[in-house]
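Next up: the structures, one after another.
You will see chain A twice below: alongside chain B first, and alongside chain C after that.
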Partner chain A sequence: MLQPLNLNRIHRWGLQSPPASHRLLPCLIQPSMADPSEAKGEGSLRKAFGGVLGVFILLLIGTLAFSIRLFSVIKYESVIHEFDPYFNYRVTQFLTKNGIYDFWNWFDDRTWYPLGRVIGGTVYPGLTLTAGSIWWLLNNLNIPLSVETVCVFTAPIFSANAAWATYLLTKAPPSHQFEVKGTGAGLTAAALLAMVPSYISRSVAGSYDNEAVAIFALIFTFYLYIKTLNTGSLFYATLNALSYFYMVCSWGGYTFIINLIPMHVLLCIVTGRYSSRLYIAYAPLVVLGTLLASLVPVVGFNAVMTSEHFASFLVKCQEVFIILHVVALVYYIKGILSPKMFKVAMTLVVTIGIAVCSAVLAILIALVASSPTKGWSGRSLSLLDPTYASKYIPIIASVSEHQPPTWPSYFMDINVLAFLVPAGIVACFLPLSDASSFVILYIATSVYFSGVMVRLMLVLAPAACIMSGIALSEAFDAFTRSIKFQLPKLFEASPSDAGDTNRGTQDEPTKVDNNTPTEKTETTAKERPSEKHRKKEKKKLEKGKEIKEKGKENTDKVSNKPLNAKKLLVLPLEASAVAILLLLILGAFYVVHCVWAAAEAYSAPSIVLTSHSHDGLHVFDDFREAYAWLKHNTDVDDKVASWWDYGYQTTAMANRTVIVDNNTWNNTHIATVGTAMSSPEKPAWDIFNSLDVKYVLVVFGGLVGYSSDDINKFLWMVRIGGGVFPHIREPDYLRDGQYRIDAHATPTMLNCLMYKLSYYRFVETDGKGFDRVRGTEIGKKHFRLTHFEEVFTTHHWMVRIYKLKSPKNRIRGKSKKKTNPKTTSKINSNKNVKKNPWQ
Partner chain B sequence: MAKSSSSDAQALIRSLRSAYAATPTNLKIIDLYVVYAITTAVIQIVYMGIVGSFPFNSFLSGILSCVGTAVLAVCLRIQVNKENKEFKDLSPERAFADFVLCNLVLHLVIMNFLG
Partner chain C sequence: METQRRRVAEEMAISIQITAVLLLLITGGAAGRSADDLVAELKSLRSQSPSGVIHLDDRLVSSFLTSVGTPRPYSLLIFFDANQLRSKAELRLPHLHSEFSLLSASFAAHHKDDASSSRIFFCDVEFEESQQSFDLFGVSSVPHVRLVPASTRSLRDSIPMDQSEFSRGAESMAEFLESKTKISLGGAILRPPRVSLRQVLFLLAAILISAPFLIRRILDGDTLIHDQRLWMSLALFVYFFGVSGTMHNIIHNMPMVLPDRNNPDRLIFFYQGSGMQLGAEGFAIGFLYMVVGLVLAFVTHLLVRFRSISAQRGFMLVGMLLAYWAVSKVIYLDNWKTGYSIHSFRPKSWW
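After this line comes the complex of A and B, so read on.
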């Protein structure tokens, strides 16, 4: 007999309240039908207008998301950034040139020489397939964009898609109850996500990396999951599984989804929110999702076997799967049995079930405990125990993205949202629905994981935007409602608007009246403003009607209270206006910060560097200069050795075979290169010769002050090399616990290949050999290279390329070395140098 | 104690049987289909235990196709069951169409993964 939805609609439009009769209409009537007739036309017009406005706003949000990421294209050029995107670009080039079958079966022999790499089986194909199909589609429509252009702009396009997906996701949870709130929150969340710096950092134009499409897939999968949970439709469950498949294709972070969703299902079961919609949402996803995940070659049987998925499959996902079936069965039996019989059944089942479960659990624990790392891969272990990587796996520890974030990086990356998230969490609790609990779980887990690894701040961004969107929307709702409610009061002498009968009250003490205690006692328990609200309406209504309606209003208020509890809070006009102004200023700060971050902090392509000095802008294009030199001045089959950072760029731009690259899948191979860089010239020459290397590339920033050069990365070369070859000992290179290259450096350091290749002829630049990055003069200034010759140094000395000298035909008698291959190999084995196993 | 529990068990089984007999025929057909799918899965597991699990992808796809069709049939049953208040405005034709679509996707994937 009450229609809470009706009141919702009325108050939103600030219309007069309907005549009393309408309040008696059954609540099952759709809101639109319960509208008062005079406001019906207006209502549908407003609704249509709202819809059109919403679509227009969404289009604007998409454009905003796209254009804020274009700073690097404007400031530099349309070029691919960083290191990893070059590999993806190369793979996409191959795909567009050779077609999908060759791509699927591609064995790449130009990296990890002499091992090669099975590209088809070790790459996440989602990104390249997406860009490839966009390119193919555009070319078939006779829009001849180059592959590079498509690759550069894929990320902004998909960030616009991600913003729209966020709109859908935020709209979905509350839409079950309150449509209106959902749309506003959705638009706010979408606008926030379009600009949030942490997402911008991984998806600028030119950052052609997996996360560009993966975040969109993540949000879209979550949206479909919640939609299935809300509607219980198997169609959405199918779409959910397909979207999860796209996510698995795109990024290794899909394990987050397949661990979060079972957690949520478990939470729902444990809190007693089991429903058949939950079964439909989860069970098909498990089966279809596992199958689809196994289809992707990178994942393969890992979808079922390893413990990352153990947490998903055998321990978590399948366990939750089984639990879900058990719960479903219990509910079913409860439905068809009488209570007494049900009790009997329960006691029987529980005793048997406990015995069986403990047996199964024991077997599982034995199986899992028998493997050394309990089946978890190194990266996941480091997520759970942040100190694991630094103790055991130097390679994982060396990647800067795997370090825990600092506190300022939270503020840099999600800015204002950091304060709004707790408010959003509170808003999600009233009321708590399945979807709201899911979003709360999402943000809790993502906050934890982002605290472990800075790269995972990216996963936190959508959750933070959703929560902040809900919080902001709720806040704006409350304030504008207060203003809207009180504005007519300012223009009218006496408050004749009966619309306030069901809405908030004012704190004006002048209107206070002493009235019926019954209503007061009911309402005071719930919220304080409503008592004055009752008194107000007392004054307006006539006595006779009053008594009749008092009864109705009582019940009105009582049952509306849970739903309108929030809505009956009205704040003073001035406070609301000031609060809205402050919120707008907060939003302005957020926008300014995001634009600044996008323009200054995250738009550097890192393959081209700029610096501002008193005589204008300097552009350092040394990397591309070096790769172009390599491309034009070496043979196609020449092998180039460098530290693994530059592998992808070398194969993509210089088109030469490299020894190690950014994939870092073979630790021993990287350790070999690291050992070579840390050894004196002759052993290093031997190592490189055994790998058929012709050219060695080092990056040196001492002349211009570029601080990410190889000398700064040298400590990792020593550590990784020393981890595999024990003759490299880190203390040999340290003086007082520090790596030094000045006059106090250790002899080992001054003799190692990295030092020599970096500082060869460096003293010729300024006469003193002052290293701008380390801030000192170098230790050994005048020396000659015996086994390498310099072939190219770029304009700012940033990249230096050396060629291995071929061995002399005759060695004169001074050295004790014999040209006899047997003795040379003996000498080599004495030195523990890695021998070429193919000789 | 044992006697009472066994008599309790008998009463329980009887009441279960009588309650189950009251379900409509179409739901019983779906239940039969589910039982058939699960039996097929059990047979496959026994076979794997005898012969070994190579090739693993075929084994996985076989097992998961059985489990998958069983799960989808249960979902169909949930949606078609007239006693379920949440789905009273979902026509059985729509439920069946969704079921067919999901099965199509499932079997497409299975065919691909069978190897």
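After this line comes the complex of A and C, so read on.
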């Protein structure tokens, strides 16, 4: 009973309104060819309305992306987070104060004392230059924002940009047959990306780090590549190279781009999708992009030549580059010669081409093979052979960011997108275009890499958003279409009314069809495939014409198969309604999860800590208290020693010189500090004194239960120190292989500097000396310091600052010598030590 | 009856005494044997095994170790094996034993006829048949490798190989051997090639024969790589591979399931705590991740082409139930595993 009615209605719709053929073969129909029966004014109004609505939605998405990242500012305050951002902030301050040339040549003497660090040549300048330019622009517009404010909000601003770039990228991939999918999927993907937790974790307000800007650059570079691939325009190719240059400036992850794009080109060639547009998309990018990349000091031309990590890149790029040229030549000759001549020429060209190719390949392989690691750096090897790092490179394997993720990580970081991606992959294959094959390659590679290292989840997130956006919009398209075409009959309205409604709904796709940006891709999309595809399209074109004519004839019998098939693409009404409801619930869950993740999981600045207890909220602002004390109570040129974690913060907030910092480029220097912390007071004093250190800063969480304090990191200090200075031995600090600080701790542990500086006077707090982090009473409670004096301890005892006592009088030392024979030997040995206090 | 039983017992006691005496005689005889005899006997035992690993039992242990005066003319590197524990994957006994044999074979190959070939012998001992020897050495856990140097008197003083020293296989065992005995291996470990020569030749021939056909098909644009379904299933597989955390399982060598400690009959499929996952767990969740997306793709792209409305309705019902079940299962398991409680933020006035 339902079926015939249903069919009838759809038939009517299909025949009445030409847009049906729009949907099927939009590339054939120019705007001027629009059906005369359609009211022109209404159509353009709808188009304009759709455009305005789209812009409005995009604005809302931008606002969403920006505001969901403000939880950290609302819950805490507008403050730079964690460790690395403080360094970036300091560099930005320097840039805004001294200008770009001084920044480029900056030699920083406030860190790695006495070695210093060349900042200009060792940082990715993209982030700093971006924030600096924003600050400069705002100040020139008489908007007096502080550098800190600009830095805090750079990441949220760029997440909004990234969402818009995602819109552009997702709008581009769908083939010419489904451009409805384009705008809808683009908006959905942009909305998903605006709040994907994985990206939020790196871009909340205050998280002023490279990734914040780099993800935008990554997506935008991919968009421009797709755009070039669709249009074949050199203008976009140049923009693409520039965007790639920006990415190289911003983040080390640019290697992902320069590996992914050649892979895609290769894939296109292998599957017979070569076109001149592919050539234009790839060749300028490699040539211009590599030239531009070598302008960045930290990457540098030197790196292209020597670094093993670039060897792989060069091999791959050039290989693809050569193959591309050979294929281009083949196609060119094919174009100008007759088929018979072509066969002869083909054999000639192929022979020569293969000969040249293999010669170059052999040379490259020989070059690469001559290097010890076969041209692969440890990190890239660990990506290709995931077990490599765990076997051979403990330093890579030990970093928690480099651990392979488990399934809950995926659920935490991309949440329900994990469910939707497979549908997106399938949708991209129906039908496969150059652009959608690129997106598929992107998701496949990024999901593989994210499986190896959890930090690469950040690269997966945009791909997952794009795929889910496509999947969701396809699903909504199917379900809403079913409802639209079947709903009217429920009301048992008169056939003519129903026809009107149908026509009204059908206009929607048309409106998007005629949108200018999609139009461009669609007209050019026609040129895309090679001869074969072109032939197919010609056939389609003919068919399309037939359909159109028939449509105009307005006959009732529709014999054309494709049209028939297209019209029948509906699902049962009530099931579609339920499915839409389920999808909406899924989306709502995603929103709830993202907001929760942004608010609870990823917004802690870790410089200010809070804890909720039964008597309310506690705020621990000890770090800034300590840094402010240093700033106001010590001399400008005093040197402060601490474990490397706090180096960036000390230089940025206290403006004092540090010995080591988070840029861990010199292992020996770090080992020196580790050795000092693991030594007894006197040798430690000698080491610090030889480095001109005036103050020692330790972080202690035993009183309030802050678990990432120095005592918990202490074993790493011992290990790193022992790695360079063999007299520090890890077993001396362990009792039966266990790390403990209670009464069973080893004497070496109880006498080392770190123990003493952490627990000095600790017993005075509660009378027992109970350490809340380790959950035990400490082993040695009452002791005095001989070579250090406590100068400052923060409110919650989280940071303790000690001053090195000035050297003792010789006579006192002598008198001591007489009284205690044990110390004699020590002092004697220390005489030797004075020459080289670390041995 | 009673007396008979007693007599049997007495007889048995006597026979045990006799064997003990005999054993004493044998071992006494062994003690009397010259060093050259012992080495020759060891060599003959070694030649019987293809890898050169001598299988020791209690008798041989006593005749070659306990009853020989120090310094002995040879050192022994002994691998302690237990047949009943070979099935436990985490001990890796079969793997380590094969590495040990490899070391022995490589040593034999590098020292065919020189003097050092008679200074060190590779042996293994099996727990069930030689429990006494295990006691003698004081070995209570496997895998265990011990070096008995020539001068060691008490077997308990022999040098155990550290866990870290045999974990990297034959190479690290060789390092241990060289550092402790000062006998060099005399070359690299000789591993059998992964693909034998014959296989290589066969592969080459296969490639050569199929090359013309392949090239022709590639030029025609009609190969597997032009098949979109292949690429689609490949992409979906890679995705499944990634989200199920297989890489984590490969890198950390996670087992598929764990036996329950409290109840040995039960198996643990799901591990609580977000830093770790088991193999089966990953695949199960990966499957749940996949099934929703595939159902959605099926409904949007295939089901719409069905002609029968009731079939569409039925499939959609099943699909939606399946998807709902999968999503709720993953949410439940995630909350259970990580301990997070995800909640929304509502204005207080809503309550």
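Definition applied: the second predicted complex is superposed on the first by the 615 of 839 C-alpha atoms of A that agree within 3 Å, B and C clash if a C-alpha of one lies under 4 Å from a C-alpha of the other, contacts with A are read in each partner's own complex, and residues count from 1 in each chain.
As a working rule, a residue touches a chain if its C-beta (ideal position, glycine included) is under 8 Å from a C-beta of that chain, and two chains touch if they have at least 3 such contacts.
The structure presented is a predicted model; accordingly, all values stated were derived computationally and were not measured.
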item: Which superposed partner A:S233 touches (first chain B, second chain C, both, neither); value: first
item: Touched partner set for A:V356, first chain B, second chain C, both or neither; value: neither
item: Which superposed partner A:L420 touches (first chain B, second chain C, both, neither); value: second
item: Residue contacts on chain A - larger count, chain B or chain C; value: C
item: Chain B versus chain C as contact partner of A:F429, first or second or both or neither; value: second
item: Partner chain(s) touched by A:L295 [first = chain B, second = chain C, both, neither]; value: first
item: First (chain B), second (chain C), both or neither touched by A:V636; value: neither
item: Sites on chain A touched by chain B in the complex; value: 232-235, 237-238, 241-242, 275-277, 279-280, 283-284, 286-288, 290-292, 294-295, 301, 304, 328, 333, 335-338, 341, 344-345, 348
item: Chain A partner contacts - residues on chain B that touch it in the complex; value: 5, 8-9, 11-12, 15-16, 19-20, 22-23, 56-57, 60-61, 64, 67-68, 71-72, 74-76, 78-79, 83-84, 86-87, 90, 95, 98-99, 101-102, 105-106, 109-110, 112-113
item: Contacting residues of chain C [partner chain A, same complex]; value: 221, 225-226, 228, 231-232, 234-236, 238-239, 241-248, 250-252, 274-277, 281-282, 285-286, 289-290, 292-294, 296-297, 299-301, 303-305, 307, 309, 312-313, 316-317, 320, 323-324, 326-327, 330-331, 334, 337-338, 340, 342-345
item: Touching residues (chain side chain A, partner chain C) in the complex; value: 2-3, 270-272, 386-387, 389-390, 403-412, 416, 418-427, 429-430, 432, 440, 443-444, 447-448, 450-452, 460, 471, 474-475, 477-478, 482, 532, 565, 568-572, 575-576, 578-579, 582, 586, 589, 592-593, 595-596, 599
